[in-house]
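Shared between the two complexes below is chain A, which has chain B as its partner in the first and chain C in the second.
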Partner chain A sequence: MALEQAGVPTVAVHTHVFARLVRSVALANGVPTTRQAFVPQPIVGRSAAQLRDSIEGKDPISGRPFIQEVIEGLSAPLSEEDLEGTSFQRSTPRVLEPDTEDRVQALFNENHWTDHLPVILPTEERVARMLEGTNHAPDEVVGKLRPTMFREYWEFTVEKVAVNAVMAGAHPEYLPVILALAASGQTARSSSTNSFATFSVVNGPIRKEIEMGDGIGALGPYNHANATIGRAYSLLSLNLQGGSVPGDTYMGSLGNWYNYSATFAEAEERSPWTPFHVQHGFDQIESTASVFFGGWYTQAGYGPRATWQEKFKHSFAASEHYLPPVIVMDPNLVPSVTFLILRRYSKCDSNHNQTIRRDRVSRGACRNRRQCDKELAMRRTVRSLSLFSPYLSLSLPPRRLIFRRLLAAVARVVLIPLAAFAAQTANAQLTSAATFDIKRFSTAGEGWFETFYVEETEPLQAALDAGKVKADTALLVTETAAGKLALLRDQMAYHHIAQGTVDGKNWMATF
Partner chain B sequence: MHHFVNAGLYDALFVMQDTETKTLWNHITGEALYGELVGRGLPISNLLQVDVRQALNMDPDVHVAISDRPVLGRMRGVGPGGPNAQLMPMFIETLGVEDTRRPRMDMGLGVWSEQTRKYYPVETLRERGKAVIDTIDGKNVLVYLDALTSTPAAVFVEATEARFDGQEIFLDNDRLLRSGVLVGADGQPLPREQPQQIFTRWYGFALTFPDPEIYGETREP
Partner chain C sequence: MIDRITVHDPRGHPPKVVGKRLAPRLESLDGKVIYLVDCLFDNSAIFMEQLQQWFGEHLPAVQIRNITPRESWVDDPDMRAVIATEGDGAILGVGL
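What follows is the complex of A and B.
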């Protein structure tokens, strides 16, 4: 698409299993007629002769010779339709037509609005009750999500988050956590053949107030708050980003069980480490939620004492060494492996988390909830239900979308930061430099790079003699109160910021 | 001391944030962009790109700080390096109105002062023998491509002509630039003064310093 925009006739070649996806992406980017040709999947592991057969054979989608598709795609003139681009509307009603419970459950399933487990139907009363868990207005914009980077963002409100929280079975006092997750900008239903999942960790007093699990079975289906907050995050991601439909807006080859629900609390009181949110600059009395993105797996057990160290190392060897792994450990096990973890990995979980808006969550509200639930239980006998639609309701004016490049994702097993819902509202009152447009600021790259706080230096000549650097190692040299200081350019490409103090004077270098 | 972290993207450049006030900062100019410290700026100076040999030539006592981090693949957010580099959509979405006089991903040396903002394309420097004499704020400046690191740099000189022989840059005032060090006729290192500068892509410089002069290009009336 970028090449076409630059005036270069282009045919994109894909394997046939991606046909639906790439056409959908082309439509979403305003160029539904972009030229595409397809070869049979797979191409990995095929011999040269087999690959040649694919090229000389037929396009499995069009049924026409592949080469002919390519030549015509490159040489045939563009039609008026090609040059026109496209516009479209997408809208769903805010409230659905009343119907029976069974039929509405079926409707939700058919529209891919659920995780295919039964949901609590979001009646007007239930949504109103859920909204009591926050003092944010129902029509306040929470954030935006998209399933993958080449899709457009969808923006959504507090009410839509509440609808999905009801469906997940969450209680109103969980809503601040769910809103924070919704505001993170990171979907829990990302689309990638890698079948990524997102999990979230809650820190601070709210863990206790809403009775989250941080002990036995914390990562399993054994705690109401854990289960429903994680499920709400998954459902709202599904419904508020434009869908997560296999073959269209979801392309995970295997799928991932962690997509159902993956939220838990850190066992702060029993951990040998500083609580995660405190590591990132928050007070222990603040409540935070942190979001982690990747293709994670569970290693259950490490065997006898004599062999566990080796198995543990092998587990880490399976992760990319240059990207920070996330380690979740049984508190009972941690003390015995602390020496290894602390030395090598304690800072690897670099990420940013933000304070959750505490809102109106209290024990009192919890008692009210039980009363309310009782009333709602009685209403379940009603045959005809008036429900909110969980799917994002948008009515966009027709527009001609512009071309955007489609690039392969490069980040894997990286930690995606949580943008604070509370911070979003606070920022609106802040001062801005005359030339700075906050609307163009994106937290997309937040947390990718970790600042290098310099505490020790050594003579460069000594480092060279010791083989720590080579004669042609690229450096960035800055001036500090103690004289010239060199930083390794390739390390600064990771950190981007280095800072320290020399003789009471602060310095900082950016790259 | 304020502690700075990478907070996000603006104009496809990373933006710093101090963790104490949450103010956002421009990492090139040191200007506070958004937050309670708007109006303030961080004093800035050049960060020299050299290799270990050059650094030791400049100052045998130079120290180095080596972090415990592994080296990460560079330029997350861009595709292939060099002329085929591309920005990912999440970067593009943060761009302002671009100056299209040069390709977005063109590489060059940006030089700026109170009066001047000027961009020296690497391509132009290469075409002109890798060393040119220009004028910044009324002072002569040598802009060159370093023989060892291939990065462009600028240094104030009193010369009016420069010649690169593949190793050293000879100036017409009996001085030369050897391994990044300005030396006199006696071979002794001389102090060097440099304009504020940054090795950058065109989009980053032109969005940070709008409407810069481009070396080697004349403006259309």
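What follows is the complex of A and C.
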């Protein structure tokens, strides 16, 4: 749209499953007839020849040749409708037409206003009772939400939040927490192929006052406050942002169970860690809600045949370094894990002039400024949002609890320490290509993978003798011009790309 | 008599939609500079390479230039400025 507004005729190419979404986004942007062309999904995993077939084939939506759609999209004259655009006012009523309870339940379900489980219907009496949980006016604007960065924001009031809280089965005394979550501006029903979810953690005195669960089953369906606050956050996100409907306002490939309900309290009294909200500048007697966005993997199981260290390694091997993991664990395990985290937590400083990762052999200047910039920006974002809370007093319940908003993208970043070493052998028959240019590979994973620069190596036997590696440690062995080079499998599972020089010969390995 | 109930509408308030005009279309693509914008999704670069080859084989009078934004999912005003200044049209693509 920005290019069109700059006077550049544009055709956007999509895969066919996005057809409905594209139309609705265009309409919401005031353009009823944008020029689009569609190819069959997927694009991922297709060969060049297969993609060429799509280009020379038919647009699966219009049934006309794809390339014709592209060319005409750039050169066919505009219609009157194109030239005028579409302006209109949308509105949603405060209450619906009276009907039977069964019909209203069906209406809510058919309109995708629920999570497809039965809801408590938000009658005027129930909503009025819910509003007793806050002293903020029903018509006060709380904030706005949208399912993705490409959609328009929808606005909502305290009353609208209360309506969704009723539907979730929440009690009025939960409303301050639900309002704080709504005010975060972070949807719990985002739309991404990745099927992201949002979960929230409550800290401070209100946890106890509303009897939230922070013990056995805290993350499961075993506590009324946890279950209904999380569900309310999900339902309000769905309804107050303009929907979360597959093919239209939701495009997650598999979906995510965390989208139903994912809210719990931190077990502050039993944890050796400083409470999360205190770490972010709040007083322990203040109540906060923290929102975490992401959610791909859940690592389960801690059986008699697996140590927590092994579980940790597996978990972090599956984590992306640009979306650091959030760790939620039983307080009983925390002391030993905390030791690991404090000993090995590392990062580049803000000037990029000090690399203090202990899992690297390299020393000196940062080699990946771009990634570090992202991580630093993320940390700054967390900090600034902790301090800047425009809705600090939004949810001042009668008992004078101060409720604050805290949006956190990352809780703790943990990098498993591993060392690289080389196994030099007498077999040095291989030679590197004369044209090999190591710089050509150094940016292969830029922005995605952090290249592991190996600047020191040592014989495998020496590493074994020194206890740097155990006899059963998993290794990846590759041939180099100077012989065989061994890399720790777990380390490569994190970096994916490694490079270095052995005896004057450059080498590069990917995993 | 059937009991009827009145309930609240659970939806938020959408913004007003303000109409926007499309850019004027080209009379012909001959001699025009068309940018192929690789949106950086997996395989989209190969798709754009194939599209570029198609134009080279079938419409060689069209000047095709490939361009990529700074990074995925983020608007790149500098890239847009290049297209607006040096290009006559653009083809964007393609997602998953």
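Criterion: the second predicted complex is superposed on the first by the 328 of 511 C-alpha atoms of A that agree within 3 Å, B and C clash if a C-alpha of one lies under 4 Å from a C-alpha of the other, contacts with A are read in each partner's own complex, and residues count from 1 in each chain.
In this section, contacts are C-beta pairs under 8 Å (C-beta built on N, C-alpha and C of every residue); 3 or more make two chains touch, one makes a residue touch a chain.
Treat the numbers as computed from the prediction; the structure is a model and nothing was measured.
K.L.:
Contacts for A:149 in the overlay, against chain B (first) and chain C (second): which applies, first, second, both or neither?
P.N.:
Touch partners of A:149: chain B and chain C.
K.L.:
Determine, under the contact definition given at the top, whether A:509 touches first (chain B), second (chain C), both, or neither.
P.N.:
A:509: touches chain B, not chain C.
K.L.:
Determine, under the contact definition given at the top, whether A:495 touches first (chain B), second (chain C), both, or neither.
P.N.:
A:495 sits against chain B, while chain C stays out of touch.
K.L.:
Looking at the overlay, what does A:6 touch: chain B (first), chain C (second), both, or neither?
P.N.:
second
K.L.:
Determine, under the contact definition given at the top, whether A:487 touches first (chain B), second (chain C), both, or neither.
P.N.:
first
K.L.:
Going by the contact rule set out at the top, does A:255 touch chain B (first), chain C (second), both, or neither?
P.N.:
A:255: touches no partner chain.
K.L.:
Per the contact definition in the header, classify A:221: touching chain B only (first), chain C only (second), both, or neither.
P.N.:
It touches nothing on chain B or chain C.
K.L.:
I'd like to know which partner A:463 touches here: chain B for first, chain C for second, both or neither.
P.N.:
In the superposed model, A:463 contacts chain B only, not chain C.
K.L.:
Could you say whether A:71 touches chain B, chain C, both of them, or neither, answering first, second, both or neither?
P.N.:
Second partner only, chain C.
K.L.:
Using the superposition described at the top, list the residues of chain A that contact chain B and also contact chain C.
P.N.:
In chain A, positions 2, 149, 447 sit in both the chain B and chain C interfaces.
K.L.:
So in the complex, which bits of chain A are touching chain B?
P.N.:
Going by the criterion above, the answer is residues 2, 149-150, 281, 321-323, 352, 404-405, 407, 410-411, 423, 427, 430-433, 436-438, 440-454, 456-461, 463-464, 468-479, 482-491, 493-501, 506, 508-511.
K.L.:
Please give the residue numbers of chain A that touch chain C in the complex, ascending.
P.N.:
Residue positions touching the partner: 1-15, 18, 27-31, 33-35, 39, 41-46, 48, 51-52, 54-56, 67, 70-71, 74-78, 82-96, 98-101, 104, 108, 113, 121-124, 127, 144-145, 149, 152-157, 159-160, 163-164, 167, 193, 235, 239-242, 447.
K.L.:
Could you please specify the touching residues of chain C with respect to chain A in the complex?
P.N.:
The contact residues of chain C facing chain A are 2-29, 34, 41-44, 46-47, 49-51, 53-54, 58-59, 71, 73, 75, 80, 83-84, 87-96.
K.L.:
Once bound in the complex, which stretches of chain B touch chain A?
P.N.:
Touching chain A: residues 1, 3-11, 14-16, 19, 22, 24, 27-28, 31-36, 38-39, 42, 45, 47-53, 55-56, 58-67, 69-77, 79, 86, 88-96, 148-149 of chain B.
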